[in-house]
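In what follows, a single structure is set out as structure tokens and then discussed.
Chain lettering (A, B, C and D) follows the sequence in which the chains are written, and residue indices restart at 1 in each chain.
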Amino acid sequence: MAENEDVSEDLYWRTGVSEVEPENVSIRGYDLEDLIGLPFGAMAFLLIRSRLPTPAETKVFDALLTGVLDYGLQKPGTAAARYVVSSNPNMQAGLATAALAAGDFSLAPENAARFIQERHREFIEAGSGDLEAFARSVVEDADRTRLRIPGFGHPVFKGVDPRGAKLKKIAQEAGLWGEPARLYEAIHAEFIKNPKRSHFPINDVGILAAISIAIGLSPEESTAMAIIGTLPGVTAHISEELNARKPVRVIPPKDTYTSISRRDVVADLKDAGWDCP
Amino acid sequence: MAENEDVSEDLYWRTGVSEVEPENVSIRGYDLEDLIGLPFGAMAFLLIRSRLPTPAETKVFDALLTGVLDYGLQKPGTAAARYVVSSNPNMQAGLATAALAAGDFSLAPENAARFIQERHREFIEAGSGDLEAFARSVVEDADRTRLRIPGFGHPVFKGVDPRGAKLKKIAQEAGLWGEPARLYEAIHAEFIKNPKRSHFPINDVGILAAISIAIGLSPEESTAMAIIGTLPGVTAHISEELNARKPVRVIPPKDTYTSISRRDVVADLKDAGWDCP
Amino acid sequence: MAENEDVSEDLYWRTGVSEVEPENVSIRGYDLEDLIGLPFGAMAFLLIRSRLPTPAETKVFDALLTGVLDYGLQKPGTAAARYVVSSNPNMQAGLATAALAAGDFSLAPENAARFIQERHREFIEAGSGDLEAFARSVVEDADRTRLRIPGFGHPVFKGVDPRGAKLKKIAQEAGLWGEPARLYEAIHAEFIKNPKRSHFPINDVGILAAISIAIGLSPEESTAMAIIGTLPGVTAHISEELNARKPVRVIPPKDTYTSISRRDVVADLKDAGWDCP
Amino acid sequence: MAENEDVSEDLYWRTGVSEVEPENVSIRGYDLEDLIGLPFGAMAFLLIRSRLPTPAETKVFDALLTGVLDYGLQKPGTAAARYVVSSNPNMQAGLATAALAAGDFSLAPENAARFIQERHREFIEAGSGDLEAFARSVVEDADRTRLRIPGFGHPVFKGVDPRGAKLKKIAQEAGLWGEPARLYEAIHAEFIKNPKRSHFPINDVGILAAISIAIGLSPEESTAMAIIGTLPGVTAHISEELNARKPVRVIPPKDTYTSISRRDVVADLKDAGWDCP
């Protein structure tokens, strides 16, 4: 980059994502105009991994982005977004709300991804090459320290989670089901040897995490992809809500138990030491 | 400010809120250490109006901040915040969500404040000094153009909104119920001459807007104060939710009507012109 | 849907986006498992338009999603997201921030989309069929009422905005450059007859708005697609920031002009009528 | 509560914050009308602690809310909020952004509060009553496991942080500097015996955490109070930004080092295995 050749690398900000010049925007080195109209999944891969994906990688990346898609009103972020726009009819506010609802209890594969990444790093460092033995020690450790292994079990599906199975199939057919994913499966195989949990599948979040690692995403980026993947559905719900013309949604009082005893403010202020008339 | 004397005013950013030096933070000209522990309402006034309030102004400002306080689960922002933290147990995400729910249909006095401010500006410019006549023309204009005047009417209260009445009383006793507020009342008096709306009170949002203008806030700042005023209540609700241990709240299916017909993806893709196996 | 056949349509919530049953999730009528792995752009179309797109529509939809992609640190939402995660290293918070930065001054084609949609509705209602004559009256009206027509002009590009040109080419080749878009072009042609603005192109936001209308999106949905389209780039920037290990970014003091005079809090409190020691 | 007497406690939602009836809102048992106009700090205490504070508690609570107040443009959340509203001129979006910027690296006393709370619980459970001995073991443990103790050290202040000192003085004068705070001080006293860190003060965040625990807040609530306390300042900054008329703020290019090499998209797609013309 001739323009920056003599520029210090000590500047306050650094970026390698894009370069913006008056007449040209270069995205990871490619002219924006050349990228407009290419499939969005491939472009998302380019932005994050800093290189163009192969067709196989694009297929898996699309699977990652479509692994959840929507969950009706059974997803906290969608419910929250509809409440928000019922009062503030603003698309941006609704989408931001849905993003904020991803976390420890839904839509964030990052805990499982971090688990897989760290266990695989330890496996590599241990150097034994024996997946089964390593998996056994992981489950024993988890049992002893009462650590929950993320991504196992489902409230409905026993044995197999069909969404997880479909995701795994796509990754395997693409040749992108790597060693970390196989280690995770070995851990799962060991985990279900305990009869009390023999029916626990690897759930869809677990598989999404495994694929995210296989495709080179950081744990945080796996959460970002889960969020982006659900935003078209959230958009559809926000449109429904804007068209519903039910301003100011509330929690239906019939669903709420309220337990409050009436009190007297003047008496209680005096009791609390205030000097009031 | 000796330090900045020779500094160009052309810098990219300008601020007059605070000055931060290594050993000293000056807030609107006062040392932060001297302000710590003063009443929060007075400090909020200082930050926004750039001068210390009188005791009367502080009283009215506290009224502004306590005008809503909480509305149980009957407020969209509180519902949304609880949904969000049921999935992402994070205080910041919950508070941000509640802020985003302020808007055209609740918790944003700014539309009413803008109405009062603009009408009062026109009244001053007209120069007649006759509040009643001007109010009459405002209502006639609104009726002709079918414009809803913000801040009038309440789903429950007829004639008087007791919260609005309390707020007005505090502002009047403080001597801070100014001409814009009186003009708004005159418009209301004219408005309820129509028998069909004779029972419409000025509601609490309307009074909050009138007081905001009286105390020198911009319309946007009136919304900010309404938001800040409810955040302690939102905090209490988020704590309740974090303690409820009900991860992943959903909209109860019994409250939802879903209308979807099943379709076949392969057939429909072909119909749409795709070439698929 | 047998389960709901006898269910009242009067329930508090209604949705037609998805149906969630214990063992099955149906998205716009299709089994989630059948959709996993299809291209994300097509799935976004399905969620929002409630039907599968044709290949041509998918191409245009991908163009919509890739029309901006990234703008380095020259985009307020990206800057804001990096500031946020420098203090709160949390992907969700960063993505939500970027979504909130879409608005009147960037990343929200909805104002232009609303303009096109409303003018086209008036054109249909007028019934003359003469695009040029109607366009002339639109520009005359705008000039008379000093209304800015959204989507015209660019700080750098004169005559043609190459990104806009690429987007238009894709839509035209797909046969999806409809009458609203042609009306918008006619308005533009009329607009640049004024020599002072003869060099104003339709900019990329204007073209994105025109395509959004052509493809059946609501104005708010056009903003949603612009936001979603930039989130992979925002994800990349957040990853850069999380790896930068520069906690607590600030506005560099050298970029800031601060104008504050020191004051004495005790003296000023007394002046304001407070009774303090 | 007569109305709910026969209502099951099994309802989906439960709350004890407020009860909303058509004509009455009861906040923690008090009529909203009776609370309007009371000092905001006392009301915030009521909402969160579910009882009215004493005058001493109110003083300390106000100290908590005014402990930071503002930090000019040297606070990531304020910078982020100004970037956001420069594109989306919306108060709510700006305030939400500022809330999201509280986190591990600033404005979130909760890590320190959690540390104090947990160490104090262990101290109670240990039952020895010897603060100094327990403090010594805490520091030894931290040194051995290389755990950073939160709330110690300041980039500028050596020995004493004057803001922390002021906060402590207020809490002590109010008689609200309890055993957990004294334990934290004992840990600090032990910590600075190491000559390399003899100049580390307890910083303002550490003292805010100690006071939060003393006043009965949960760690998450301490973060909420820090956020609420800074929002009036953020409001002032947003107003400045809305008045600055500098739409679409960017990171000044002169502050940015961009490192990107140009690439050819067609060649690279072919290399990646794509079949393109």
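Following the convention adopted for this analysis, a contact is a pair of C-beta atoms (placed from the backbone, for glycine too) under 8 Å apart; a residue touches a chain by one contact, two chains touch by 3 or more.
Keep in mind it's a predicted model, so treat the numbers as computed, not measured.
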| item | value |
| --- | --- |
| Both-way neighbours, i.e. chains that touch chain B and touch chain A | C, D |
| Most remote chain, CA-based centroid, reference being chain C | D |
| Chain C against chain B, contact positions shared by both copies (same if over half, else different) | same |
| Length of the line joining the C-alpha centres of chain A and chain D, rounded to whole Å | 25 |
| Whole-Å separation of chain centres (CA-atom averages), chain C against chain D | 33 |
| Junction residues of chain B, two or more chains touched | 12-16, 18-20, 35, 72-74, 88, 90, 92-93, 96-97, 100, 102-103, 108, 251-253, 255-256, 258 |
| Touch-based graph of the chains, sorted into line, ring, star, complete or other | complete |
| Residues of chain B defined as touching chain A within the complex | 72-77, 79-81, 83-84, 86-90, 93, 96-97, 100-108, 247-253, 255-256, 258 |
| Contact footprint of chain C on chain A as seen in their complex | 12-20, 22-23, 25, 27, 32-33, 35-41, 43-44, 47-48, 50, 59, 62-63, 65-67, 69-74, 82, 91-93, 95-97, 99-100, 102-103, 108, 110, 156-157, 162-163, 166-167, 170, 218, 220-221, 223-225, 227-229, 231-233, 235-240, 242, 244, 252 |
| Of all residues in chain A, those that touch chain D in their complex | 1, 4, 7-16, 18-20, 26, 28-31, 34-35, 51-56, 88, 90, 92-93, 96, 100, 251, 253-266, 268-269, 272-274 |
